[in-house]
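What follows is a set of structures for review.
Next come two complexes, and both contain chain A; in the first it sits with chain B, in the second with chain C.
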Partner chain A sequence: MQLLFERSHPGRGCTILPACDDINLDASLCRAQAPHLPQLSENEISRHYTELAKQTHGVNDGFYPLGSCTMKYNPKINEEIASLPGFTEIHPLQPEHTAQGCLEVLSLADKLFSEITGMDAMTFQPAAGAHGELTGLMLIKAYHQANGDHDRTKILVPDSAHGTNPASASMAGFQVVSIPSLPNGCVDTKALRQAADEHTAGLMLTNPNTVGLFDQNISEITSIVHQAGGLCYYDGANLNAIMGIVRPGDMGFDVVHLNLHKTFSTPHGGGGPGSGAVGCKEFLKPFLPSPTVCKDENGYHFCRNNPQSIGSVKEFYGNFLVVVRALTYVLTLGKEGIPEASSNAVLNCNYMMNHLKDLYDMAFDTGCMHEFVMTLEKLKKEKDVSAMDVAKALLDNGIHPPTMYFPLIVHEALMVEPTETEPREVLDHAIEVFRSIYQTAIEQPESLHEMPLHTPVRRLDEVGAARNPKLRFSFE
Partner chain B sequence: MTNPTNILYAKSHEWVQDMGDGSFRIGLTDYAQKELGDLVFVNLPQEGDEVEVGSAFGDVESVKAVSDVYSPVSGVVCAINEELLDHPENINQDAYAAWMIQVNEVSDKEELLSAEEYEKFLSEEE
Partner chain C sequence: MGSYVPSTLKEQKEMLESIGLSSIDELFAHIPDELKLKSELNIPSGKSEMEVSRTMKDIASHSHIFGTIFRGAGAYSHYIPSIVKSVVSKEEFVTAYTPYQAEISQGILQSIFEYQTMICELTGMDVSNASVYDGATAAAEAVNMCCERSRQVVFCSEAAHPDTISVIKTYCWAAGHELVLVPHKDGKTDWDSIASQLDKKTSACVYVQSPNFFGQLEEVEKAAELIHSVGGKLICGCNPIALGALKTPAEQGADIAVGEGQPLGMPLSFGGPYLGFMAATSAMMRKLPGRIVGETTDVDGKRAFVLTLQAREQHIRREKASSNICSNQALCAMTASVYLAAMGPEGLRRAALICYQNAHTLAEKLCCIPGIQLKYTGTFFHEFVTEQADSDRILSALEKEGILGGYPLENGDILWCATEKNTTEEIDKVVNIIRKELM
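Now for the complex of A and B:
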């Protein structure tokens, strides 16, 4: 399809603003030539974006089992509440007494998400998950520094971790120590015990882990780190398996981040905005980003007198409307609905896994949590059909592919996360599609190399795009 | 591609070539490049940086993943193959010509395998 610049016609446009009054600007402040802006009518712009939308696949189009991303359906009531004028027609600098409802949202969200995670306080400033990780690690760093503990320079990260974990640790100025996984995908506690020492600032872990298994040694793991003087950071990426059932705080974690845009049903993908809320135990509260929300007899206030705070990690209060949506979700589901959502996520996942495991090799042949990982190593070796080929064949069947080639400890990995918001018929259809692709892989393996056949674009040159990226339109 | 017999191999899939003047060249094995797939980015240390046995000295990125590259020797980087920075595909095309770094002042070396031993190791891995 044509790009906006290719659709552009000189002189066409939809400007509704009056011409600018004469302003005498110094020539040095003026551009030598007018900026290259596409010139289109409103109708053309509208069609352009509608055409783009038709070429994509979202949860509104069909099944989207992208492992580790929790692509659940986002209830429309979230949007309705987030578009109330009291939440949209506000300014971050308006007087506090005129925005009491908004402050109450932050305060109530703090209370409820702290309850869900077993923490004592929350900040909603971080813009997304990795930003939350960085913020959480900065809290850990500030804590050690406040204790005069300057030699704690290392963060322990399991080799199955999300790539953002080591990246965030590096960003926060720590050295990363990789902890090997056992053949069952869980943390090798012996190796952890050896690695944890007086240089350990903390451990980053997600539980259930990235292979979709709940690490049953979690209490031992967190106490090993605590005994060495380190803190424990919970990567909330996989909270959808356990919310309302077990709390990171009770597992021994000191800091957590939540991906509100995943677990708590706010829009995500395509650049956000997300929200990587960070919760912590009482002893880390003084270090939380500033301002925090507090309440006295006169109502809610922003509290800015936090001398030990790590400062602001984002302007003002974070992506506020995302918090409104997540809070709406939590209040809609309530105390009964939240654990039920997690239970159904785990049920859907086990249902799919058990209807596929006679054909597809599971990386870990045991009950899973909210996602499961298959390994196509055998298919690759015997039939030259890769995880990528199966993923591409799914596209032809209107199903978004699972996460591929992650976690790195599994070869030819496909990681499937159905989520709780899919009905049984959708799962049954997906199972049928997976099974028929397997038959094709056995009978006509070469045909899979050609797929997808029916998508707007076929196989993209990923290598070419990475080696020679074209990042802007060329006007020449 | 057969693994040349005049160089040695590490179990973490790097090769080491003795340059005969006290320095050693290090690169990725053909098996490693095949496993990684098409490389799109190579990150190398700078001349003068110290490398240590078993520690990462750089990383390579393919469409699938980013992977650390470990040094089988301890010493000081005396040269890097700058061509790789613009042409990571050289490693895919000829892994044994596309050296990554050259190290001298070598103070330590891990136990390295001959081509034959490395091939045996690979078949056991699979």
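Now for the complex of A and C:
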């Protein structure tokens, strides 16, 4: 379809602002040429985006079992509450006594999310999961520095971890030490014991881990790191499996980040905004980003006098409206609904896995938590049908494919996360589709290389895109 | 309690039975008992939608909405065209994840490609990424792009937004880069003060924001010449509305342009979500952090868009990635695109000129009041600083009349902002209230 710029006609436009006097700005201040922005009537712009929307698959369009992304339904009340003028029209720097409602949101969210994670305090400044990781690692760094422990320069990261873990460690100025996983995807405690030493600043881990299994040795793992003098960081990407059942704080973790846009139902907006709230234990509280929120007899305040704070990691207080949505969600579910959500996420996942495992090889043949990983290695070898081929065949059936080729420790991986908000019929239909694709893979494997056939565009030349980058429309 | 789980207890039981289990507890049997919560979470019971709505509306009512705003300082009250909300509320856009599966994500991908084009047009730069978290992290990421093994000294203007300086400081501390703050003189960065510290081996970059925190236009070209003379890079922070009329970062010698995109259609929202935009010269393309969308074709030769240059990114490069960024501010980037499409070149220019005009009218009228004067002598865009004896009294008097006055700076000065939303009547009202108060 056409780009906005291709639809543009000189002289067209919308009348958003009144005409203004022509000011004689000194020419030395002015740009030589006006920017090429589209010139279109409102109708044309509106239809353009309606057409783009039709070429976009969201959770609202159908099943979206994208592993590790927790694509649950995004409740509409969250959107309505986040649009209240009492939240949207508040200036971040207006006097505190005139912004008490906003401060109350941050304070209440701090209390509730601390309890859910087993932590003592939260910051909502980080804008996304990776940003939360960076912030959490900075807390660890500041803590060691405050103790005069300057030789703790290494962060231990399992080889099954999300790519953001090592990238965040590197941005925080740490060296990354990769810890091998056991064949069952869990941490090799022997290897961990060898790696943990006086240079260890900390360990980054998610539990359930990236293959969807709960690491039963978690207490031993965190205590190995603690005994070596390091701290333990919990990547909250997989919290949807265990909310209200077991808490990172009780497993021995000192810092956690949450993906409010995964576990706590805030929408992902085609890539963001998210929120990577970070929680920590009491002893790390002095290092939290500034400002923090506190309350006294006169109401809520920002506390900016935090001499040990790592400083700011973002403008103002974070993606505030995302926190409003997540808070609305937690108040709706409450102490009963939180574990109910996790229980059903795990049930839906086990249900799907069990109805597929006679055909598809599972990477790990045990019960799963909220997501499971299958390996198409055999299908690839015997029939030349890859994880990618199966994923692309799903597209023709209106199902968003699972996460492909992750975790890296599983070959030809497809990682499926159904979430708790899908009814049984949707799961049954998806199971049927998966099974029929398998049959096709056995009987007519080459036909899968052609798929998808019915999507707005078909398989793309990704190599060409990277080799000869065309990253903007050219007006010449 | 409230719930979004469709399965009834009966259905859950049937599903469990179909996989050979009899209770939900069995799903969690492999988790060691001593780790499990012994009692319910200590949070309130869940509630119906109506009750939660009541609670949240009550909380929202505890803040005061100012009908008239003359405060900016990094968050600006601009007019938002009606079409913006209508477009960015479409459920397909709202509920999609990052467009990994290009075949069913062309809508998002094309909108990002259009956004990248508009950011390049605004800034005059060659390439833009798909967005980062906000203006401050955009600046900090840009600093990281410029630091190399030997070049690790970063020069940051002290007249930049305090949050931007603070974020750059935090990122530099973590990564081990050396940060030098460049002082300001008469509201503008004093570049002469660093001439002797610039070094051909160690200087990585200069960060300058123009208009700066005090609203003043900076001598960006001078900063560019200085840092380029030692082989470093110039990062220029800019205001996207000002770019409707004023010189682009590219025209002033920037290697990287960054900024806070909130003025492009995002409400104040107590500070977020906002939008960090980033654009650079082609030479720096492969150092850009985050998602980038490129044009390509599908197997039928049809034009299509896809996430590209992924070899820079964390999921491929892990600890060697150009940044850890994964989620960005995609929906905010779309907000900016729709805003810019609705404004068009003429509308954006109007916004810039009306901001300029209103701010200068406000400054002129305020300075007619005895005891109030402009602090700095340089050219400003839509923000300026005044000196006066009693800023608290002035701001309280305005607040009582429902007006959010300028932002009080620590030394008693006030940083004022006017946008296209402010009317002459509002400006006169502010002036009259202050006159009366100081009489």
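Criterion: the second predicted complex is superposed on the first by the 475 of 476 C-alpha atoms of A that agree within 3 Å, B and C clash if a C-alpha of one lies under 4 Å from a C-alpha of the other, contacts with A are read in each partner's own complex, and residues count from 1 in each chain.
Quick note on the criterion: a contact is a pair of C-beta atoms (placed from the backbone, for glycine too) under 8 Å apart; a residue touches a chain by one contact, two chains touch by 3 or more.
For clarity, every value in this text was computed on a predicted model and none was experimentally measured.
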Pick one for A:G337: touches chain B only (first), chain C only (second), both, or neither. second
In the overlaid three-chain picture, which partner chain does A:V385 touch, first (chain B) or second (chain C), both, or neither? neither
Return first, second, both or neither, reflecting whether A:A277 touches chain B, chain C, both chains, or no partner chain. neither
In the superposed arrangement, which partner chain does A:S46 touch: chain B (first), chain C (second), both, or neither? second
For A:A172, using the defined touch cut-off, is the partner it touches chain B, chain C, both, or neither? Pick first, second, both or neither. second
Between chain B and chain C, pick out the one touching the greater number of residues of chain A. C
Applying the touch criterion given at the start, work out whether A:G163 contacts chain B, chain C, both or neither, answering first, second, both or neither. both
Does the superposition put A:E462 against chain B (first), chain C (second), both, or neither? both
Chain A positions within both the chain B interface and the chain C interface are 163, 404, 406, 462, 466
List of chain B residues in touch with chain A within their complex: 38, 40-41, 61, 63-66, 88-89
Residue numbers on chain A that touch chain B, as the complex places them: 163, 404-406, 408, 462-463, 466-467
